[in-house]
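Several structures are given next for inspection.
Next come two complexes, and both contain chain A; in the first it sits with chain B, in the second with chain C.
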Partner chain A sequence: MSDPILFTRDLWVRVHDPNGGGSPIAVVRGANIELQRGATTCLVGESGSGKTVLMRALLGISGARPGVTAGTAWARPDGSEFPVPLVGPRKRWRGRALPSLRPGWAGYVFQHPSHSLDPLLRVGDQVGASVTIAHSGLTPAAVKRRVLHWLETVHLPNPEAVAQLFPHELSGGMAQRVAIAIALATEPDLLVADEPTTGLDWSVRRDIVDLLGELCRARGMSLLLISHDFQVVEHIADQLYVMFRGELVEDGPRRAFFEPGPGSHPYTRELQARSRALEEGSSPPRLHLAEQPTSSGAGCVYAHRCPWIREPSPERSALGERCRSVRPPDFRPSSDHRVRCIAVGEPT
Partner chain B sequence: MTLSSLWTQRHRQDQMGPVSVFGFGVLIGLVGLRIAAMFVDSSPRLGLQDEQLLPAMAGPSWDHLLGTDQLGRDLLLRMVDAVEAFFLPGLFACLVAALIAVPTGAIAGYWEGSKGAAVLRGLLTMISAWPRLVLVVVVVAIFTGSVRDPAAWAEVRLYLLGGLVGLSYIPQLGGAVSERVQHFRREQFVEAARAHGLSDRRILLWHILWANCRHLVLRHTCTLFGAFILVETSLSYLGDYGVPPPRPSWGNILAGVRHSVVHSRSLMASSDSWSPAGLWGGVEQAIQHGGLLGVLAPTIAIAVSIAGVLALAEHYARRDRP
Partner chain C sequence: MSAQNASSSLVLQAKGLSHRFPGGVAAVNGVDLEIREGEVVGLVGESGSGKTTLGKLLLHIIPPDTGRVAFEGQDLAELSPRERRRTRSRMQMIYQTAAASLNPGLTVGQHLEETVRLHRPEDAHRADALVDETLTAFRLNGKRALHPSQLSGGEQRRVVVARSLLPRPSLLVADEPTAGLDASVKADVIDLLRNARGGRTAFLFISHELDVVRYVADRVLVMYRGRIVECMPAAALDPRDTEVDHHPYTERLLSAAFKATRRVESPMIRPTEDLFKAGCSYRAACHRTEPDDPSWSRCSQHTPDLIPLRAGHRVSCHVVAPSPTEAS
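On to the complex of A and B.
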């Protein structure tokens, strides 16, 4: 049953300390991710948790240095029998992502649509460039036909007029649709959308996420959706990963997160409460940002913010010390659900 | 806002202002004059036997709209013919600068931090350390001294001049291109294009150079063309290194009639220059005598041409701002 299109094994990504410290800081710690073919996987976590760094490192988009320092990532594009190495710690591999994958194997939708479009090229030409990646040697008329097809696919009204526009003439929602069209035009097996709804208002957000889900279902494409908001991912996620400070603290199928069941990670609960509060219009629970994590090595990454430690219930009063000093083991409430928390694993 | 209103909005932004109109007007004028110059031959009147010698420094007449110069040659024909001296060599200067500076700057900017880029950057700095006019004069002097008949090599010398001015402009253009490329290399749309599998070559040529550096390069080549007009006419005015007589250049036309300027000034001074009628009489005499037009025509031509190409540069500079 497991047929991942992309998977990682204990992947570590480090970046140089912006404050000029000696050793690089680990921003992704031992990530194990499996993106199932044709499924929608969501990577959820607050800003700065390392979601984007992980995605960029995987897919060889410049950015973090020294980058991947340990672990491996593999891809199995449609039709390939063996996994293709994406990134690894060996020097030979570094900076050579996607060595034997066809160009345009993965499509990307970036956070800010206006930044991911070239401001001085017409929309049609930019979609056209992607079309020629998938199909070389097309006549200009054939390229134009496909461009209009893709603009129509993302539900842009009047595609012929839109193709003639420059990016600054588009609204945010339209620009994001164009960015999706550009990503789709390379006919990718995998679509990665990095916070595609940031900067859009609520009504448009829903449209964009629905559009992504619908496109992936219709084309049998795998989707990795990166978001900080549970409300956004709620109705399209098949599989979820929750990330906090570089660590994947919980992963599981959709029912593990949105249906009542055995325990979930306190951080997941916090994110869900926050999303709910935003939707209901009440003020979200206060963050205890003043609390600094003790040391990066031992203990649970969430210990400094965990409400179960800050305000322990009587039965959990003994946990605090262990959470801060012992690395929490993985607890599996069911075969496909994993939680990295001592408290969830030892129900009292 | 509807799509159609966005359209009109953009076209309003792209409308040409008076500066652009002036620039393109001058450009069209120069091209016209260059074409006309192909049908004009003004030099054989120098030692002619078959035609009647015209009076030297004659005033304007219907046969000779601008009068004649100090040797009795038609000034208008020489003015038109003189466009040949800078037009194609000027374009050659632009070509040399663009062909070397744009790839150099683009590579130095795009692969910033690599060894090759550092070498290219060093080369640009090295060229920029040469003083432009000294370089031009020295090389042209060596060239002129090493050919037997400099007049026969005049055409080659002009292109040499163009090439040198173009070379001396490379650091400026290359630096501007490399800075721009460096800036756009970090833009998200470049990352997006790369992530989608667009090749580096295509990103650099199309996304960065074509879409985002086109106006920058045009703007700098226009400035360079103006600089070349100035260099050519200055050298021709000074003699020796520019256009050798009898070939006309706006610079040597000006140099040729400069003696008569002194003459016409003395004529003006001799009349009763304090009354308006006397002043006008002096001016009339100067016009009749040819001197004034001989000075004014090349001066105005040089000034208007340079102002025109600089206006064109300004036009592209306005387009350049993203």
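On to the complex of A and C.
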């Protein structure tokens, strides 16, 4: 039964062209995303594919201008629907906060914990600021009790001492946990974690991922994990979205990705093959980055890298031209699995 | 691989390297290290274990408190600052944060042109063509006039890698060159590094990602609190192989792989006497020994040596690799 806590319809985000071109370029192209309540959704894709921009836009913290240009988003924190005021160009939304949503209903763990902590404030004060968003009018002693509770929840040893530390006194793994504690302290219904395990050693990575999963189960919280670490995703995901150059090229439940079944998008296969190759110590598949994507925007976003077009089997030899010129339709191998690829939709 | 054979020449030889930061913490503590021509040496360990400091000591970016580094047979400490600057062309470092090691005011092209001017003056007349060649090789076509802030993380990283390889170094210390990159760009950066100079550049490859290290390196060093606690062929760094003995710390790292067959839980850090004075620095978190064990006194009093377990595999642990004198 579908019970999304947040969903979008045909969301477009555009930003100024970094090469100085006149018209804004689309970095999120018609995203339809549904985050199920109490489930872990993973958003995977390579750097620059628009993962972070999409989520920031949804939570109204988009710094990218011009910003969201089309689409709708709805949040259902407690079953009733609220429109998410998607931010347009900044001058038009300044001063308008998320009116109908409880402050702190969504928590965000940013990509670089060391950048998202205030270097001049002690850890305890930063977590305390979050606590007061969820509960106004607490006495200082009550705030402190809750701060220690959250530091303990994220398995920081000796929370009393950690609360007194400044961010520069924390190791990478500790800073990451503090960032998670800050996000949790507003008691969010939805937690967005943007690559929370980057740059951590395996032991800490495992701890953080297990901790996030445990918190979801214990608190009924929904988790959106943005990652490009397929090993992490395989470990924790209930639902997956695969993003490539601004487009969600595939989504489906876990079994669609990690159990044998009908076709996956060739880009998903590329990601999986790379991850598996490294695990097995073999050489990762060659990448043909030299080919540039077509600038027209027509056709499949993956066409310039697709191995099925570059080295087509005899049956697929006619595909290349269509893939480059026609925007591929969505193909549904099963009711909850969607692949945006002509070749997958027309098995030969 | 081929680099392992003893006849290929030593690029770098370090003996007894130590460095203590103000405040008294030994970041690097008595490290010996040899790197041969074209060899890729992986260096793994938790944050704060001294990996980056060791890399900087090897290049004399930080002079060591004690110990010597010989680069291509020359003792770096005996070189005049000017001579040392000249050796810089042949020993390069890729710093951890690519964005921070690029000058925000210079374009990609200017970064590379400057490198040619400084490190390859003989090629200065064809700098323009050389930069274009490099940009093509690193798939940065069309980015020449852009500033670092206009590049994606992967592109910044490629600029840094391109810049460090342009002087044709014989040794490159790469400090987490793939952290935060997605799988495709990561594979790309790894391949660019491996193929540098037709495999004649030796690397110290520092990383958290054990699978990447196993793929890239010939030999892997594990560092814990400033010491090398294990040295092994890269193939031994396999989470699914439970036959091979490892240092307890390596064991814990490997068992944290998602596909590992069993997870080694580290006990809560035990309060112990000054860990840096004597004994094994891992004993406070070790699952192989406890204060009640008969072995504890040895672990807390004597610093274990690197003892060979088998060819090319040495471990510094009283429990896993007792030294021959203790065993007798």
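Criterion: the second predicted complex is superposed on the first by the 324 of 348 C-alpha atoms of A that agree within 3 Å, B and C clash if a C-alpha of one lies under 4 Å from a C-alpha of the other, contacts with A are read in each partner's own complex, and residues count from 1 in each chain.
Definition applied: a contact is a pair of C-beta atoms (placed from the backbone, for glycine too) under 8 Å apart; a residue touches a chain by one contact, two chains touch by 3 or more.
In this text, all values refer to a predicted model and were calculated from it rather than measured experimentally.
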| item | value |
| --- | --- |
| Clash or fit, chain B versus chain C on superposed chain A | fit |
| First (chain B), second (chain C), both or neither touched by A:Thr186 | first |
| Once both complexes are placed on the shared chain, angle at chain A toward chain B and chain C, C-alpha, multiple of 10 degrees | 70 |
| Chain B versus chain C as contact partner of A:Asp201, first or second or both or neither | second |
| First (chain B), second (chain C), both or neither touched by A:Ser264 | neither |
| Partner chain in contact with A:Thr52 - chain B first, chain C second, else both or neither | neither |
| Partner chain(s) touched by A:Gly107 [first = chain B, second = chain C, both, neither] | first |
| Touched partner set for A:Glu279, first chain B, second chain C, both or neither | second |
| First, second, both or neither for A:Ala129, with chain B first and chain C second | first |
| Touched partner set for A:Gln176, first chain B, second chain C, both or neither | neither |
| First, second, both or neither for A:Val232, with chain B first and chain C second | second |
| Minimum C-alpha spacing, chains overlaid - chain B and chain C, in Å | 6 |
| Contacting residues of chain A [partner chain C, same complex] | 18-19, 45-48, 157, 171-173, 195, 198-207, 228, 230-232, 234-235, 270-271, 274-275, 278-279, 281-285, 287, 289-290 |
| Residue numbers on chain C that touch chain A, as the complex places them | 44-48, 139, 146, 150, 152-154, 176, 179-188, 190, 208-212, 214-215, 235, 238, 252-254, 256-259, 263, 266, 268-269 |
| Chain B contact footprint on chain A (complex, rising order) | 59-62, 98, 102-108, 110, 112, 115-121, 129-130, 133, 158, 161-162, 165-166, 169, 179, 182-183, 186 |
| Residue ranges of chain B touching chain A (in the complex, touch as defined) | 3, 6, 9-10, 187-189, 191-199, 202, 206-207, 211-212, 322 |
